[in-house]
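Paired with subunit B in one complex and with subunit C in the other, subunit A is shared by the two complexes that follow.
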Partner chain A sequence: MALKKVKGTLERVLDKNLQDLVRGIRNHKENESKYIAECIDEIKQELKQDNLAIKANAVNKLTYLQMLGYDISWAAFNIIEVMSSTKFTFKRIGYLAASQSFHEETDVLMLTTNMIRKDMSSQNMYDSGVALNGLSCFITPDLARDLANDIMTLMTSSRPYLRKKAVLIMYKVFLQFPEALRPAFPRLKEKLEDPDPGVQSAAVNVICELARKNPKNYLSLAPLFFKLMTTSTNNWVLIKIIKLFSALTPLEPRLGKKLIEPLTNLIHSTSAMSLLYECINTVIAVLVSISSGIPNHTASIQLCVQKLRILIEDSDQNLKYLGLLAMSRILATHPKSVQGHKDLILQCLDDRDESIRLRALDLLYGMVSKKNLMEIVKKLMVHMDKAEGSHYRDELLSKTIEICSQSNYQYVTNFEWYVSILVELTRMEGTKHGKLIANQMLDVAIRVQAIRHFAVSQMAILLENSHLLANNSQRNGICEVLHAAAWICGEFSEHLSNPKATLEAMLKPKITSLPGHIQSIFVQNILKLYGKILKAAEAKEDDSLKKEVHTLLQEKLPVFIQSGDLEVQERACSILQIVKYIMKLEEKGAAVADEVENLYAGELNPVAPKAQKKVPVPEGLDLDKWINEAPDDSSDEEVPGNTFFLTTEDEHRSSYQHGDESRPTYEPTEEELEKRKAIRKTEVEHNPHYLKDDGKGHKPRHKDAFDAKDIPVAEIDLSVPLHVPGLSSSDKYMVLQQKTEKAHKGKKEKGKKKKKKGKGKTQAEESDEDEVAAVHTVSTIVDAPEGMAGSDHEDDKKSGDVYKALDINLD
Partner chain B sequence: MMQFMLLFSRQGKLRLQKWFVAHQEKTKKKITRDLITLVLSRKPKMCSFLEYKDYKIVYKRYASLYFCCAIENDDNELLTLELIHRYVELLDKYFGSVCELDIIFNFEKAYFMLDEFLMVGEVQETSKKNVLKAIAAQDLMQEEETPQGFFEDHGLG
Partner chain C sequence: MIKAILVFNNHGKPRLTKFYQHFPEDVQHQIIRETFHLVSKRDDSVCNFLEGGTLIGGSDYRLIYRHYATLYFVFCVDSSESELGILDLIQSVCESPTIWSLAVKVHYILSELVMGGMVLETNMTEIITRIEEQNQLEKQE
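== the complex of A and B ==
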């Protein structure tokens, strides 16, 4: 007996403690995981011992290992054992391990309730403190409900140390168990006037957090906080209170008016940057809420903008960042005050720090005007060329397009310029925004009638160079632009200068390497172009042209018929047949060009988003009723079969339809599911060929034996993606590009010169605007079912349901 | 409210992780991995603020350790920087010229210090003196337990 004890003690002496473990790990850098696996085995042995000291040591080591990334959830029960120790040292270790590894799904959490309750009411202040700290990390709704009362009692403890902790943890309790808020709130309010400053600031913290999420319930506390603000000298507390006020002022403009003075005083007097920043933010919030223009307020805005400018000019990157952030808030309501600082913002765009550049970009969005749009976009394009990361470049691209297209292209004066910008953007390789550019092109071509001629000519050039763009066939890549190009050329083919050449371009074999949805657009538009050419040929009575076109189509269309994509195949087949039929008619001498053209007569307008949802359901139609008899329940083979024809994406829809169309789907009821399950089970039982799993997990016979399932299935990419650094475009295209740009520059310069001379009709941008505004109108006609009101604002799912639950009237 | 605080070395080794909201292990690991990569890729002169998912990340480097905190979108970033600095000061006072090794070998003490300074993601105690006093008192308690306890636990009491 004694021998056992001595032996045990000797073994214990050899136990590693934490320091040994850490040192050991550092010394075993090359075989770390093996060493740690050994240590974990040792720990498992130690945890089997009865002695709490040994267990505590083991748990301590486990906490360290958890930080290194090892899962210790298997030791949850042991951790609880250590937590229940009477010794403070072990208790501390146990609670630390718990706060690191316990979470909602830990099953053994329910064992902790009584233990925590006991610890909280312990005589020893630090025992309770440790329990409260640990609890704050792993509290669950159940624990919150059970322990809320005990914590509320602690809020009135005689020891400020405990009062402070109890007040803070109440916030967590409220989040997990909102019903506790109403009973606890009066006591919490009392703590705002607690003699101990620590408890007081804890109460301020909790109430501020609560109030920011549901400000209207805490409006009655505003006077109390006002008093605190004017008397406190603790910056941490001040910042919290000021932040609270910025949440309250939108609800109570009078409060805002009262605040302006103390806040401006603080701004002038404080040397703490964090406090200054907070004050500025709140002043902005106040000014936003006060809509009436009292003369004082322009002074306040000026003060803020001035201080922010100082922040932005500071060499400290952090202050720059925050200055830009705050500026963008002012921009939302007082754009004029900010626009004067455009030069500074553009400077920030050149900053080495990406976060600052992104902030400056955001600001630019609000600062564009008709005059400076072109200059800003030019600068952004330059940045895009120099950009190092593709993520940043994509940001720039999407921002550029956002800036140009905001409010229905309000700031774009010359759409020719915009189209050429879009075309230039197609040169951006590796971008994810191909679809965005394509959409823009379509949008502009459709809604700005005057620009169609120019757009079509550009698109034709793009098509002729499609072999360069077709290299990049990834989803959403730049090849999406070809989709737009083909459609525009087909729809507005009257503007094409050489329809036949475009037709040839669309029939090039390289097209077959494009994604299916793009090819199908090509095929469709081939027919449109064909119709046009036929009409022209008929008018000129040019039979040879007709014959040429026919042979061309007959040679090239069959390639599409062999395509793997269903839609392409289908369209190509139908079109080939139509062409053949037309040829026959032509041979007989009938002039069918008119009919062919009628196939595509009519103007297509964009469809309003959510228009589909608004289509009124005709009377007597029940969309949820079965059309046919319910299908036979006997076999499940039909279910996977149904999905064969469903496409997962709306590729074949026109890109205008932005709204979701939800189809009524068939969902089997519970009983049907049960029935099916039962039937399937019986089938399986009776089927001699069905191999059942033994459940034992056979070891593989040979180590090299492989399963057919394990062979990775790789997709064979038929097109070889070549990265062509810096797409070279045809000279014609570039010259046209430069001409348009030069023309703009020329206009601008002429304008400037003339402006200086102050002569009569200038070609300055102002007159450009007027001139252009009249010609390039953006159509806003959208297709929609009759009587549809403007699209509803459907509420997005509200995040922060937790905070919604805390929205209770506390008066 | 602060969501979590991470300390990691320049080699990307985690030295401390304090989560003020409970998450699954997998989530925690992913966030840690992502953030370590993000922060380590920042150049020295860049600003200390990042955006990650729906948090704002504030980080600061002290010698070989990165202190990285995640705050909510309407929290004050400069205040968080001051918070980090206060924590470093506390550690410094406690360990006496703290360095990374102190935190490696005494990681649980770093946690205890953090537990006295922050709780529920909020500043618990703004007075340095009070924090250090509480820590000292608890250390004393541990020491008082040890001599007697040592013999009892090993069956020799």
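== the complex of A and C ==
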């Protein structure tokens, strides 16, 4: 017995305390987890002892281990034991461990209620303090409900230390048990005028947090806060109150008007940057909410902008950042005041600090106008060239496109310029926004009819140089642009100057190295182009051209049939079959070019974003009904394989069901073709969005002096940006616009004359701000089911349920 | 409100972590790693505000940090806190020599500063008095 005791004492001497543990871990860097596992075993042994000092030591070590990422919830009961110690030191250790690891799911928390209650009413102030502190971290709805009254009593304790803590913890109580807010509120209000400054700021803190989430309930306190603001000298309190006011002013404009003066005074007088910044922010919020001007409205804005400029020009990066942040808030409502500082913001784009650059970029977004868009985009492109990180470069790229495309391209006056910008952007290798650029090209080509010719010519050049772009074949890389190029050339092939050359470009073997989805677009559009060429050849009765094209296709298409991508293979097979069949018909002398062209008749419009959801469910359709009878329990019925894959008359499916050898080639007979034509015609008649195809042949335009054979075919190292001759540069449009502006200004007195630019339609838009004429119009037709209203505002933001529960009227 | 306070060294090892919202341990560890990753990339001459990571908080949250020799102090706060105010707070705590001489129990010091995610006390003398008194208590036991 005695031996056991001695043994026990000896072991205790060897117990590690926290310092030893930390040192030990540092010394065992290689096998850290093994060492820690051993330590945890030791801790488990220590926790089995009766001695509270040992347990406390063990729990102390556990707290450290928890920080390293180890779960200590298995020791919850032991932690509570330590919490219940009468010694302050151990109690503190226990509560700390609890605050780090207890949470709502911890079962043993229900054992703590009485203990916490006892601690809160302890004679020793620090016992209560420790209990309150710990409680603030693991309070649950049950604990909140049971202890709310005790905490409210503490709010009137004679010791300010405790009053302060009790007031602050009430916020947590309210979050867990909202019913406590109403009874506690009067007392909370009293504490706003507590003699002790610490208690006062705690009360301000709590009410400000509550008011930010439900401002309208606290409007009645505004006069009280106003008084506090003008009398207090504690910067923290002032800041909290001023931030609170910025949340209240949207609801009460008169409050805002009263605030302007004291805030302006504070701005002039304070030396604390933090306070200055918050005052400026609130003034901005006030001026935003006041709709009609108060007399010194503009003066206040000017003052703010002036002070913010000082912040932005400061060498302290933090002030720069905050200055830019506040500027962007002013920008939303008073863009003119900010536009004057464009130079400063463009300067910030050069800053070393990425956060600042991103802020400046955000500001630019709001500062564009028709006049300065080209200039700004040019500067951004220069930055893109110089940019070091590819992440930043990508940000710039996406922001540039955002700026240009915002509000339906509101600020783009010349779409030729925009298309050339997009083409220049394709030189940006290593970007992950290939898809974005491609989408823009498609969007512009579809919606701006006037620009199609230009766009198509540029896209044709891109296709002819596709071997340069195809090198970078990562997903979403710049090769996505080829997707757009192929589609545009195919869909609007009437604008192509040399369709055969483009067709050849699309059939180059290099194409097979592109991702599958791009290849399938190529294959599809090959057929469109083929139809076009056939039509032209028939009109001219050029048999040799027809033969050339046929042999070309027969040679080059098979390469796609061997593709690994399912879609590409499928399309290539079908198209090859169609071509073969048409050849046969041609040899017999039938002119089938019209039918081929009709396969692609009709104009495609963009689809409205919520169109699919708005399609009305047809009558009689009950989506919740079982389609078949509910399955029996015996699930070993053999389902014959054939019924899984429905045999349709669709020519595509059948080629996969049977093997390669016995592929029944489904050839559309003459009647089929006629039937399809008739169906198509009726569809076209009924759909209001389709433009009737009147089969006008377009004369190929005279192309600029540029020969595809002049481009060196050698593979170039893509670390150097691509320069492809023939692609237009965007600079000439900028120069053109500037010249036009000057001319416009000169001619203004002589009366309005419409000036024709290039081949576009001119639409002189007389707006107040700038008189830059937009060259092309953007179509806004979208496809949607009939009767669909404008896009619904579907509220899918997650509501803060907790804060909603606190939304009660306190009067 | 303050969502979390993290202190870690130049290698990302956590020295003190306080979360005012519950996260399971592995998520806490991930947050620490992600924050370290974001903060360690920053040069000392750039601003001390970061738009936060993805794990901790959303768009309303920012990271405010300060780097002292071998330690990073990071506060994750929402828009109800004044950015410059928090920065001042970190600075005054870290530069007070008295604090560090009592430094072993950093958690207890922190608990005099911030409670339940809200700033409790900003007056340095008051904080130090309380800490010293509690230390006395401990010695007596």
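Basically, the second predicted complex is superposed on the first by the 612 of 811 C-alpha atoms of A that agree within 3 Å, B and C clash if a C-alpha of one lies under 4 Å from a C-alpha of the other, contacts with A are read in each partner's own complex, and residues count from 1 in each chain.
Methods note: a residue touches a chain if its C-beta (ideal position, glycine included) is under 8 Å from a C-beta of that chain, and two chains touch if they have at least 3 such contacts.
Treat the numbers as computed from the prediction; the structure is a model and nothing was measured.
S.K.: Kindly say whether there is room for both subunit B and subunit C on subunit A in the superposition, answering fit or clash.
M.R.: Subunit B/subunit C on subunit A - steric clash.
S.K.: Using the superposition on chain A described above, determine whether A:Asp394 touches subunit B (first), subunit C (second), both, or neither.
M.R.: After superposition on chain A, A:Asp394 lies in contact with neither partner.
S.K.: Could you tell me if A:Asp119 is touching subunit B, subunit C, both of them or neither one (first, second, both, neither)?
M.R.: Neither partner.
S.K.: So which one touches more of the residues on subunit A, subunit B or subunit C?
M.R.: Partner touching more subunit A residues in the overlay: B.
S.K.: Pick one for A:Lys87: touches subunit B only (first), subunit C only (second), both, or neither.
M.R.: Touch partners of A:Lys87: subunit B and subunit C.
S.K.: Contact-wise, after the overlay, does A:Glu416 reach subunit B, subunit C, both or neither (first, second, both, neither)?
M.R.: neither
S.K.: With both complexes superposed on chain A, which partner does A:Glu480 reach: first (subunit B), second (subunit C), both or neither?
M.R.: A:Glu480 contacts neither subunit B nor subunit C.
S.K.: A:Asp565 in the overlay: touching subunit B, subunit C, both, or neither? Say first, second, both or neither.
M.R.: Neither subunit B nor subunit C is touched by A:Asp565.
S.K.: Tell me the contact category for A:Glu46 with respect to subunit B and subunit C: first, second, both or neither.
M.R.: neither
S.K.: Based on the superposed arrangement, let me know which partner A:Asp194 touches: subunit B (first), subunit C (second), both, or neither?
M.R.: After superposition on chain A, A:Asp194 lies in contact with neither partner.
S.K.: Using the superposition on chain A as set up above, list the residues of subunit A that contact both subunit B and subunit C.
M.R.: In the superposed arrangement, which is not itself an observed complex, subunit A uses residues 63, 67-69, 71, 87-89, 92, 96, 100, 103-104, 124, 126, 132-133, 136-137, 161, 164-165, 168-169, 171-172, 197-198, 201-202, 205-206, 209, 212, 236, 239, 243, 273-274, 277-278, 317-318, 320-322, 352-356 for both subunit B and subunit C.
S.K.: Would you tell me which residues of subunit A are touching subunit B in their complex?
M.R.: Touching subunit B from subunit A are residues 5, 8-9, 12, 18-19, 22, 51-54, 60, 63-64, 67-69, 71, 73, 87-89, 92-93, 96, 100-105, 124, 126, 129, 132-133, 136-139, 161, 164-165, 168-169, 171-172, 197-198, 201-202, 205-206, 209, 212, 234, 236-237, 239, 243, 273-274, 277-278, 317-318, 320-322, 352-356.
S.K.: Would you tell me which residues of subunit C are touching subunit A in their complex?
M.R.: The contact residues of subunit C facing subunit A are 1, 14, 16-18, 20, 22, 24-26, 28-29, 43, 45-51, 80, 82-85, 87-88, 107-108, 111, 115-123, 126, 130, 133-134, 137-138, 141.
S.K.: Along subunit B, where are the residues that touch subunit A in the complex?
M.R.: Of all residues in subunit B, those touching subunit A are 1, 14-17, 19-20, 22-25, 29, 43, 45-51, 74, 76-79, 81-82, 104-105, 107-108, 111-112, 115, 119-120, 122-127, 130, 134, 137-138, 141-142, 145-146, 149-150, 153-156.
S.K.: Where on subunit A does subunit C make contact in their complex?
M.R.: Within the complex, subunit A contacts subunit C at residues 63, 66-71, 87-89, 92, 96, 100, 103-104, 124, 126, 132-133, 136-137, 161, 164-165, 168-169, 171-172, 197-198, 201-202, 205-206, 208-209, 212, 235-236, 239-240, 243, 273-274, 277-278, 316-318, 320-322, 352-356, 358.
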